[in-house]
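Labels run A, B, C, D, E and F following the written order; every chain starts at residue 1.
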Amino acid sequence: MSEHQISRFDVPDLADLPDDIRDTILAVQAKAGFVPNVFLALARRPAEFRAFFAFHDALMESDAGLSKAERELIVVATSARNHCLYCVVAHGAILRIRAKNPLLADQVATNPSKADLTERQRHIVEFALKVATQSADISDDDISAMRANGFTDDEIWDIGAIASLFALSNRYANFAGIRPNDEFYAMAR
Amino acid sequence: MSEHQISRFDVPDLADLPDDIRDTILAVQAKAGFVPNVFLALARRPAEFRAFFAFHDALMESDAGLSKAERELIVVATSARNHCLYCVVAHGAILRIRAKNPLLADQVATNPSKADLTERQRHIVEFALKVATQSADISDDDISAMRANGFTDDEIWDIGAIASLFALSNRYANFAGIRPNDEFYAMAR
Amino acid sequence: MSEHQISRFDVPDLADLPDDIRDTILAVQAKAGFVPNVFLALARRPAEFRAFFAFHDALMESDAGLSKAERELIVVATSARNHCLYCVVAHGAILRIRAKNPLLADQVATNPSKADLTERQRHIVEFALKVATQSADISDDDISAMRANGFTDDEIWDIGAIASLFALSNRYANFAGIRPNDEFYAMAR
Amino acid sequence: MSEHQISRFDVPDLADLPDDIRDTILAVQAKAGFVPNVFLALARRPAEFRAFFAFHDALMESDAGLSKAERELIVVATSARNHCLYCVVAHGAILRIRAKNPLLADQVATNPSKADLTERQRHIVEFALKVATQSADISDDDISAMRANGFTDDEIWDIGAIASLFALSNRYANFAGIRPNDEFYAMAR
Amino acid sequence: MSEHQISRFDVPDLADLPDDIRDTILAVQAKAGFVPNVFLALARRPAEFRAFFAFHDALMESDAGLSKAERELIVVATSARNHCLYCVVAHGAILRIRAKNPLLADQVATNPSKADLTERQRHIVEFALKVATQSADISDDDISAMRANGFTDDEIWDIGAIASLFALSNRYANFAGIRPNDEFYAMAR
Amino acid sequence: MSEHQISRFDVPDLADLPDDIRDTILAVQAKAGFVPNVFLALARRPAEFRAFFAFHDALMESDAGLSKAERELIVVATSARNHCLYCVVAHGAILRIRAKNPLLADQVATNPSKADLTERQRHIVEFALKVATQSADISDDDISAMRANGFTDDEIWDIGAIASLFALSNRYANFAGIRPNDEFYAMAR
């Protein structure tokens, strides 16, 4: 871990955390080999920690409809638009892994229109970016167009919901100044 | 209730919902006299419903540090910036009630700089709007300035967290087209 | 009346005003039960007062082509885009009265695309917002499209002219800091 | 006169106009040697014609406080920001005449920060541009700053009012597509 | 020459310049009757001076495909969008000369959509402005549309390349504060 | 090399190129192990190829004043703002090498304000971004502030010039759709 601060706000000691939160953190450490800083930064607020990861797992740990790689594609595209360093770096790594593609995350983060996307992926990214940046302008016609492009209502909802969740996540990481772990940068290159 | 659609997506029957979600909905109906449409619109996704209201209650149902009226002020100011009809109308009503002020919600929704705000309220709204619209630009200096203005770290976190949660909420309401109940418009005028 | 200032600039005494201006003010007070602050704020400049209300009455007090409710709809939509508290609150009240609809003003002020508008109203609002915000981009094609949507040249001109007049009015109210009378907020809810 | 259209809307024959409007037009023609197209384009609406030129003359034909050249400077700066071809070309010519400076209009229209302005002129232009483009953000501090820079309240009002009037004028010219007379381009070069 | 500074950075004496650069400057003076300030301002950096004018001449001194007037049209339209006083004034003069049209430069600089352009010129200007302001969004469809409008690949490249070169040129002139020579303003009116 | 197109425009055969251009390309291939696509894409225009690389080498291959790493920092920061995939990926690799830092390029590309920058680097990046995005607003005060921060006039010029050159380069790469070589992504991670 670098010597830089994890967050602009105090990070509690593991020993002082509620059991369920400490268990969650130890489990992710066992699996990943390190603790992603977002777990440590949110731990100061147990209720928000629990709600955030419940939300996250409900939307990101499913292959029903959207694949896990498609879900991460939404995260990287919208987080880059919001200039969220934590989310682009951490989820960029996960996208490289889940899409088995070492180039896609950097492409989508820099300029989605130049990324190597399938037609389906392009529709997903464009709808997600509209939710992220101009949700007030989403009309019935946008929904109809997605249906006409072959998306089910559950898939459309998932794209909108993931873009919404990372609108939250990007802002938390940005106001709290959560630093991405150095480990993420070189993963799955 | 007007004849207009509650949401662009199917709304499940109460009878088909998991018990905890149906109980939540019946409880809010008993208290408010009607069911705010966001409960019905989110019910199609029980996991997201539970995570959203857990998040909401953790941040909005507290008087520690920020008052409940100050919390609603953040919601109305940021939701107006995001042009979220549901959140402005529903939380505008709650703000009128909690602030015991029939003018404040319309003022803040239209132009926060012209609203009858105290110095403390003005700092809250300005920081919240920066989280809502340019979170990538929040610097250590912004946090220091809030501390110098007398805010505790927990208050600063709450402002950032509420602005973040309604970044999510506004986008859900906007992509799903959730309609505010007619009852909200005239409440506490 | 609240204890807040009517304007950032001095407001003359009624007794010191030219007769025609004092008569206008007394007439509106007799009719409305109070004097809308814009009359008092502009009275320091009799020539501008006369020109403004002559312009206003020429465009707003007619049912030829556009109905009076349609005219107010343009005012509320464009004034909200310009974040003019005075115009949104005052003309929001007038719109509720003229459209006999307690919801429409708040809907249009918050997000016109989510308002309960007829097709004709939607065309009016969209053209008005283009005049308000990107008039330099209005092309012959925009005019042709309005004609194809069934609008006469006089109706198109009226929409453009009302949006233009409130571009002026919003800026006067914003630079002078004209405060809407408290009476407007609850009218016709 | 070029063969191009004066306006997107019908222009009435001089013979069909109310006497006062025809007289105004003939007077300006006698003085300028040609009829500026805005007179012809607005003539289809006598009440708006009268209100507009009453407003114009109240604000532009005075040397009290702001000089006439300063008033034209406001018009050119704000009209360029609004990309109003008619106002930039016509008032650019008048500014060259009134400021006795053949360069100033092109400088201010292209980039006010690079124009040869005095300190006083720079304050005028910056306040006017804020009224033109972000009037909702004008605060008590902006007014205080202008006072501290030596401007009287009547001068501040005049700057705001002229910027507001040309917010209207630019939009009329843009939606109606009013073409500047060819004569203006080379005047006072 | 006016008494104003040519540049924010030191301008070398002619006598101190490398021979080829001094020769270039003397040649342009012999031809134009004065030395355009950009030559003097760039002379402090001989390598950049040589590269810039080599680039310029490769793109601007050709009539193959695009005419010289069309090339200048691109310069004026994009430089106005970038508020580059030097380029608008200097190339506005050249455009008046090359297009043999005293109105076109002011029209295009103020509002290209109101300029007297042919269909071909309008396509050129619109593509150039997209390169100037939103090049990241240029898609294969934009290129196909230009081909369908009758442009060769070499013409499309030229439009893109000229808009790119003046993206550079405008920024040099803006950061260095290069002042247009007074002589340009009245040329070819 | 991936099977994707190098450019939207034809790429000439090496054999058909002028000798100096073929030699340049063979030299870079010998040094890097592959030919960066920008060399192939620009080769269709020998005069622009020569001018571009002369410009590039004059500004990027020097350690006088600004270090080579500082120069690449400017390129990555401004190219990310312009969403230029080619420049971010290719110069991101060079920045990692020249700064001997595997994290810096991704940090600066995603959000410069969250990057691990020294005070001097932060001033460089902020001035460069102002040149890239709002050069028209650069004032004498910006230059004075840089001088006060310890930069020489030659360093300030270099920052402005590099930001200007990549304003050009980003637009070329974006309109021509130049694809970064796959080799760049994993270099120096």
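The rule is short, and it goes like this: a contact is a pair of C-beta atoms (placed from the backbone, for glycine too) under 8 Å apart; a residue touches a chain by one contact, two chains touch by 3 or more.
Model, not experiment: these values are computed from the prediction.
*Asks:* Going by the contact rule set out at the top, which chains touch both subunit D and subunit F?
*Replies:* Both subunit D and subunit F are touched by B, E, going by the contact rule given at the top.
*Asks:* Spelling it out: a chain qualifies if it touches subunit C and also touches subunit F; which chains qualify?
*Replies:* A, B, D, E
*Asks:* Report which interface contains more C-beta contacts, comparing B-C against C-D.
*Replies:* C-D
*Asks:* For subunit A and subunit D, let me know how many angstrom lie between their CA-based centres, rounded off.
*Replies:* Roughly 51 Å, centre to centre.
*Asks:* Between subunit C and subunit E, what's the gap in Å when you average each chain's C-alpha atoms?
*Replies:* 44
*Asks:* On a C-alpha centroid basis, what's the spacing between subunit D and subunit E, in Å?
*Replies:* 29
*Asks:* In whole angstrom, what separates the CA-based centres of subunit E and subunit F?
*Replies:* Centre-to-centre distance between subunit E and subunit F: 23 Å.
*Asks:* Mind pulling the residue numbers of subunit D that touch at least two other chains?
*Replies:* Residues 83-84, 111, 136, 177 of subunit D touch two or more partner chains.
*Asks:* Which chains touch which?
*Replies:* Every touching chain pair, ordered by label, is A-B, A-C, A-E, A-F, B-C, B-D, B-F, C-D, C-E, D-E, D-F, E-F.
*Asks:* Give the list of subunit A residues in touch with subunit C in this complex.
*Replies:* Touching subunit C: residues 136-137, 139 of subunit A.
*Asks:* So in the complex, which bits of subunit D are touching subunit F?
*Replies:* The contact residues of subunit D facing subunit F are 111, 113.
*Asks:* Could you list, by residue number, the parts of subunit A that touch subunit B in their complex?
*Replies:* The touching residues are 8-10, 44-45, 47-48, 50-52, 54-55, 58-59, 82-84, 131-132, 135-136, 138, 140, 143, 153, 156-157, 160-161, 163-165, 167-172, 174-177.
*Asks:* Sort out for me which residues of subunit E touch subunit D in the complex.
*Replies:* So the residues of subunit E in touch with subunit D come to 4, 80, 83-85, 88-89, 102-103, 106-107, 109-111, 114, 116, 177, 179, 182, 185-186, 189.
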